[in-house]
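You will see two complexes here that share chain A, one where it goes with chain B and one where it goes with chain C.
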Partner chain A sequence: MIERGKISALQMAMILHSTIAATALLAMPSVTMKYAHQDMWLSPIWASLGGFLIVWITFQLHKFYPKESFIEYVPRIIGRFLGSIFAFLYLFFYWIILGDIVREYGEFLITNFLAHTPYSVISGSMLLVCAYAVRGGVEVIGRSAQFFVPIVMPLFLIVLLLLIPDLKPQNMLPMFEHGLKPSLIGAIPPLSAFYGEFFLISFLYPYVSDKQNKLRWGIYSVLSVVWTMLLVSFSTLLIFGKVGAHLTYPLIGVARYISLADFLEHLESIVAAIWVLSMFIKMTMIYYALSLGTAQWLKLTDYRPLIFPIGILSLVLSIWTVPNLQVLSQFINSTGTIYFLLMQYLIPLLLLIVAYFRRKQNQKKVAEQA
Partner chain B sequence: MMQMGKRLFRKSFKRKQKQQEVAEHAENKMEERYGDEGISSNLQENIDFLHEAFGKAPDIIIRQFVIKHREERKAAIVFIDEMVDKDLINRNILRPLMIDSEKVTSTDDLWDLVTERLVSAGETKNVLKKTEILTGVLAGDTVLLIDQYEQGYVVGTKGWATKSISEPRSESVVRGSREGLSETIVLSLAMIRRRVKDPDLRVCTYELGKRTKTCVNLLYMDGLIDPQIVMEVEQRLKRIQIDGVLESGYVEELIQDQTWTPFSQLQNTERPDTVVAHLLEGKVAILIDGSPHALIAPAIFTQFYFSAEDYYERFWIATFLRIVRLISFFMALLLPAFYIALVSFHPEMIPSHLAISMAAGRATVPFSAILEALMMELSVEILREASVRLPGPIGPTIGIVGALVIGDAAVTAGLVSPAMVIVVGLTTISSYANPSYSAAISVRLLRFPFMIAASVLGLYGIMLLFFLLCAHLVQLRSFGVPYMAPYAPFNLTDLKDSLFRASWKYMNMRPVTFKPQDRQRQTLVHKGKDENSHETSGR
Partner chain C sequence: MNIRYLAFLFLLLNMTYLLTGCWDRVEVNNLAIITAAALDKKDDKTIELSIQIFVPETSGKEKQNVATMGNENTQSPTLVESAEGVNFADAMLKLQGKISRKIFWGQNEVFIFGEQLAKKGILNELNGILRAVQPRERANLFISKGQAKEILKLNPVIDRNSAESIHKLVHAHTGLEESIIDTLQMMNGESKAVALPWIEILTPQDGRSSNVRMPYIHGTAVLKTDKLLGKLNAEATKGVLMIKNQAASGTITVKPKPEKGYLSAEFVKDKIKLIPQITKNHLSMKLQVQTEAIVTQNSTHLDVMNSHDLAKIEKELAKGITLQIRKALDQGQKKWKADIFGLADTFYRKYPREWKKYKKNWDSLYPNLKIDIQTKFRILRPGMTTENPKI
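Up next, the complex of A and B:
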């Protein structure tokens, strides 16, 4: 095994929570609001079913191959040749995701805070820091997450608490104006783009030390993401109403709203801090999955030599893939949805079915021989 | 979330129940371990028992001799080096027994003769059990054993050196012991022995340095500590092949886990009470002859920010002081960096009135913020270094001249802004709020990269460097123990002694982080009710 570190189930849940909540925090409300309007708070709940499904699928696959990550057991399920191709497709998929996220991250900081700093400096320096954490392996990622989540959570709650005087509950009305359909359609983007990322759990399962709690903590992390998304949705909806759909980062706008006694202002920097902290974990996690997966795919003994080349390629890819943020969000909401659904839901489900039948066949063979 | 919390709570509750059972079981450990056994009539057997109980510690002295009275009879006295008054032993025990005994002409039983006529000490006691020998020796008394007698004679010889013991210079406290470890290793050992009167305190001796042949003692509590840690430390100590060991720093650098880090992975302390506290938490202590600093291993990040006094003062105050120290840690590390970032990148984040007055202060300053900060920080570092090296009486003068005169002149001359002087002053003071000098130095060092990062990328740069620092800290290990425990990896029960210190009433368990074999710290599991208060409330 390339990775010798072990993490606890709690650490796994915290990594996943920061990974999914990071992007969802800023990008989710405007997307769901576009389709679900005032019922948008329901969408993350519908979408969470996808999260539970992925956690369950990957856990079943993990039970078949307990000591291997996804990249390693795909060839065992569908044969070496086809499996290698599939594994490569997944590595490519994560490469693109990492590029997108790096881009999203850089663009966010440029538009909101560091207007004159070159993009490559912002993203490059962050990738460099992530590379250092990736070098430390899964243990460092787990512990960093454990370090940051207790900082992020209270900050997030404080921001939301300060918003309470500005909330307008009538923004929720009329409820279910067009039935449940809009909220269900609004659930599709978070289902594919955000909850789909729970698929990363398949890279973590083999390294979790407490065996009984893996699935349980996986489900807890889905629940905590649902809870975070609900809070974000409600705060956006109850403050902006339908206008929220036109804002790129509604939560930043929400935070700008806060003004307490003319003293506590500019809280958007707290939101940015929350976001950057979670983004650090998210980028490190995907970067790690990509590096480790590539090493496993190439059957190397160590993934560390790959970290730098992959980092540079991701930085370059982040500039190549999309010309600007609008195209990126267009991609995520249209073509990307199908891509994400295919890679994170459909193929794993098919693989699970194949693995199940292969296992049955094998058992039959063993029984016949006996 | 609710469920998670409940489950966590339930788990800890279950554990507590189990601990309670363990507690009832482990009562009176010494009795259980060595039994109710009486003293053997065979002297050699008794000596073997003592050797075994003390684990062949170098400071346990067993002097065997012969009493000649009518016939020759073997005898032995047992005592701990440096805990006894040796003069008294020589004059009042050894001399009468070895020399005067020949002259006495009496037909009495030898034991009666020895106790009634020969040993001329005031405070004496007859004992019958083996455990009583141990307690007597550990208390600093001398125990006399004579062949063919099933009893021991405890002679009060307590007398430890107090003159040469000086106050610890680098870790002073308001409340607590004023003793510092000695440069003489035997004396340091006696100071520690005096505080833990347990035969389980193991002392292993090593000779390090091919030419200096420095005596190094490894101390740990047998049966309490995780044996894995002892093995690891022993292995690393044996690997040392250097020609000279002059200070604990040599050993520290040669046995630490990671070299390329500004953080120390072994704690050093001058206080015997701190050493004992760590021994009782399941760590090892390393004493080096010629150095008043003992090394503690494994060390975790948080323990560098704990003072011995935290455990002596009431826990409210201890908790408050720890929070103050946390704030001062961040101030020492980040304040100049924040100043640079705010002034040169994010002036909009400063409240407008303050921003105006700060801009007015900086109007005449010809340097950029980073240059200004680097200049000031460097001159403060020079000042600090100079005041450490200077002979005692001149030190404060230099401090006053440097800080007040030059600082004030620099501001009036328009070389630095007044805000910068405040920042530098606060930073310097906060770095002294750290109880451990070695940890304070690493923060002092790390301040400069943060300042440079702030000057390049502003707050974003500080944040990036902070990530780097965290990623670095969480991958550090000290003798197999994660450096950032109990935060990451997280441990709920160990949080009782982290940023908060729970009252001693509730700290029934030793920290899990160091995996002690004997987890129980106190037998009674308190329910938080004050039983004494009922008696007095009737008044």
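Up next, the complex of A and C:
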């Protein structure tokens, strides 16, 4: 085993919460609103079923191979040759995702706060910090999540609490104007792009120390993401109404909308703090999965020498694959959806089915031999 | 060990290179803080963007001057600068070329559109403002009589600048309060009409100080889609404020029928409910008004302390309120034929399925929509006197 660290189930849940909620906070509301209009608050609830499904699938796979990560047990399920190809496909997948996320992080900061700072400095410095955390291993990632989540959550709640006087509940009406269909269609982007990322849990399961609570905390973290997404959806909808669909980052608009007693205003830097802290966890987690996975795939004894090369390549990739934000959102709304669904839902499910039958066959063989 | 230590030190020293550059460094004394912005039509193709900039150094001294010397001809603590362009973004760029400091929109809460530009349509410029990073979604919109630029040039003596005066007026709820987002929501909604506060210039009563003129909100501008149609007067605006649930305070004066004098009351609570109804292919509207008030003046023979008279007073005042709302509705329905009250949205919210049928004909349905107003008026307190002292 390359990674010797252990994290608690709570830490695992916190890592996952930040990983999924980080981008969902900013990017999700306008996407779901585009398809589901005033019923957009329902979409994250529908989509959460996918989150539960992934946590369950990966947990079942983990039960079959308790000490191994996804990259290690894929060859055991479908054979060494095919398995290695599949594992590589996953590493490639996370490489692209990491590039996208790095780009998204930089784009947000440049658009809203640091208009003149070069992109490579913003993203490069963040990747450097992430690289340092990845070097520390899973324990460091777990602890930083445990440290940052209790900072991020109250900040987020403060923003929402201060908004209460400005909420217009009538923006929710009419409910189900076109039945449930729009909200179900609106559930597809969060299902594929956001809840799909729960698949990263398969890289964490082997290192969680309390075995009984793994699945339970996985489900808790899906629930907390649902809750966060609901709050963001409601705040966007009840403040901006349908205009929210036209905003690039609705949460920033929402934070800027706060005005209490003529002096408590201009709170968008809180959103920036939330963004930077949770994006740190998110980037670190994907970066870690990619580095560890590559080392496991190549059967190396240590993943640390890979960290810096992967970091530099991701920075380059974030410029190559995503020339601008429009291309990224186009990718997520078209081919990306299929790609995400395939890699994070369909293949794991098929693998689970194959693993299940293999296990049965093996048991039969053992029984016959006996 | 020693080499590792040196390498570490070398790395640390290298870090200092990262600290030198800061591309987005902003110093307050390099900023031109905008307090209000005005957009006017220049000719058919171009607009003029004017900004009022807060001048920080003089404003402190200025106040002292005014306080100690009472000098009226002191210099204005604000600077008004303007530039032309084909749209907001273009004009903004040209404006920056004229000003030594970096223009900062973050504090601006007032956008005034001139009458002429508003007639042409404000949506394009609104989109430009919303897309720009710095201007705020919450900034309030106004339509001014004549050139909007003139409002910025005003130098009200009681406030630091005209932007502050306007901001305070908005909070006093003498006119509507509509942010950029509210306005876009109305335009995007079913009613496709917007009401915005109308700004005029108040010339002081004593001719002596004619250079200290103040802006004030006097009426409501009516916009269909995004184009200015006309304005409602201050009297009808009171009704608009009530229908839009924005009347935080206000007074009503009525003349009860057989009596000779007047009766005034100041309301402390005012709530209105818009209830749309569709029965047998017939659209109608019910407005339920609930008002609570304090008597402020009574020159009639009715006794506020007498419960019998009180019921009569309440009835009369309720009638007055109904009339006030009716005036606003009539102007909106009959005169301008623009649904500035968002009635279409209430139908859409309550009857989303049926609404599809009526949506197309709303423009012809709306002017003849039957609106029933039910007012409940309650007097909470008689004020500081019970019966009027008699001579």
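Basically, the second predicted complex is superposed on the first by the 370 of 370 C-alpha atoms of A that agree within 3 Å, B and C clash if a C-alpha of one lies under 4 Å from a C-alpha of the other, contacts with A are read in each partner's own complex, and residues count from 1 in each chain.
Quick note on the criterion: contacts are C-beta pairs under 8 Å (C-beta built on N, C-alpha and C of every residue); 3 or more make two chains touch, one makes a residue touch a chain.
Not measured: the values here are computed from a predicted model.
> According to the stated criteria, A:N112 is in contact with first (chain B), second (chain C), both, or neither; which is it?
After superposition on chain A, A:N112 lies in contact with chain C alone.
> Check the residue A:G136 against both partner chains and state whether it touches chain B (first), chain C (second), both, or neither.
first
> Report for A:I164: first if it touches chain B alone, second if chain C alone, otherwise both or neither.
It touches nothing on chain B or chain C.
> I'd like to know which partner A:S125 touches here: chain B for first, chain C for second, both or neither.
Touch status of A:S125: both partners.
> Applying the touch criterion given at the start, work out whether A:I239 contacts chain B, chain C, both or neither, answering first, second, both or neither.
Touch status of A:I239: second partner only.
> For A:L173, using the defined touch cut-off, is the partner it touches chain B, chain C, both, or neither? Pick first, second, both or neither.
Only chain C; A:L173 stays clear of chain B.
> Pick one for A:V276: touches chain B only (first), chain C only (second), both, or neither.
first
> For A:S259, decide between first (touching chain B), second (touching chain C), both and neither.
In the superposition, A:S259 contacts chain C only.
> After the superposition on A, what does A:L223 contact: first (chain B), second (chain C), both or neither?
Only chain B is touched by A:L223; chain C is not.
> Which chain makes contact with more of the residues of chain A, chain B or else chain C?
Touching more of chain A: B.
> In the superposed view, which residues of chain A touch chain B and also chain C?
113-114, 117, 121, 125, 266.
> Quick one: which bits of chain A touch chain C in the complex? Just the residue numbers, please.
111-118, 121, 125, 170, 173-174, 177, 239-243, 246, 253, 256-257, 259, 262, 266
> What residues on chain B touch chain A, complex-wise?
Within the complex, chain B contacts chain A at residues 1, 3-4, 348-349, 351, 457-461, 463-464, 467-468, 470-472, 474-475, 482, 484, 487-490.
> Sort out for me which residues of chain C touch chain A in the complex.
Listed in rising order, the residues of chain C that touch chain A are 18, 21-24, 106, 130, 133, 136-138, 171, 181, 184-185, 188-189, 345, 348-353.
> Which residues of chain A touch chain B once you look at their complex with the stated criterion?
These residues of chain A touch chain B: 8, 10-11, 109, 113-114, 117, 121-122, 125-126, 129, 132-133, 136-137, 139-140, 142-144, 146-148, 150, 220, 223-224, 227, 263, 266, 269, 273, 276, 280.
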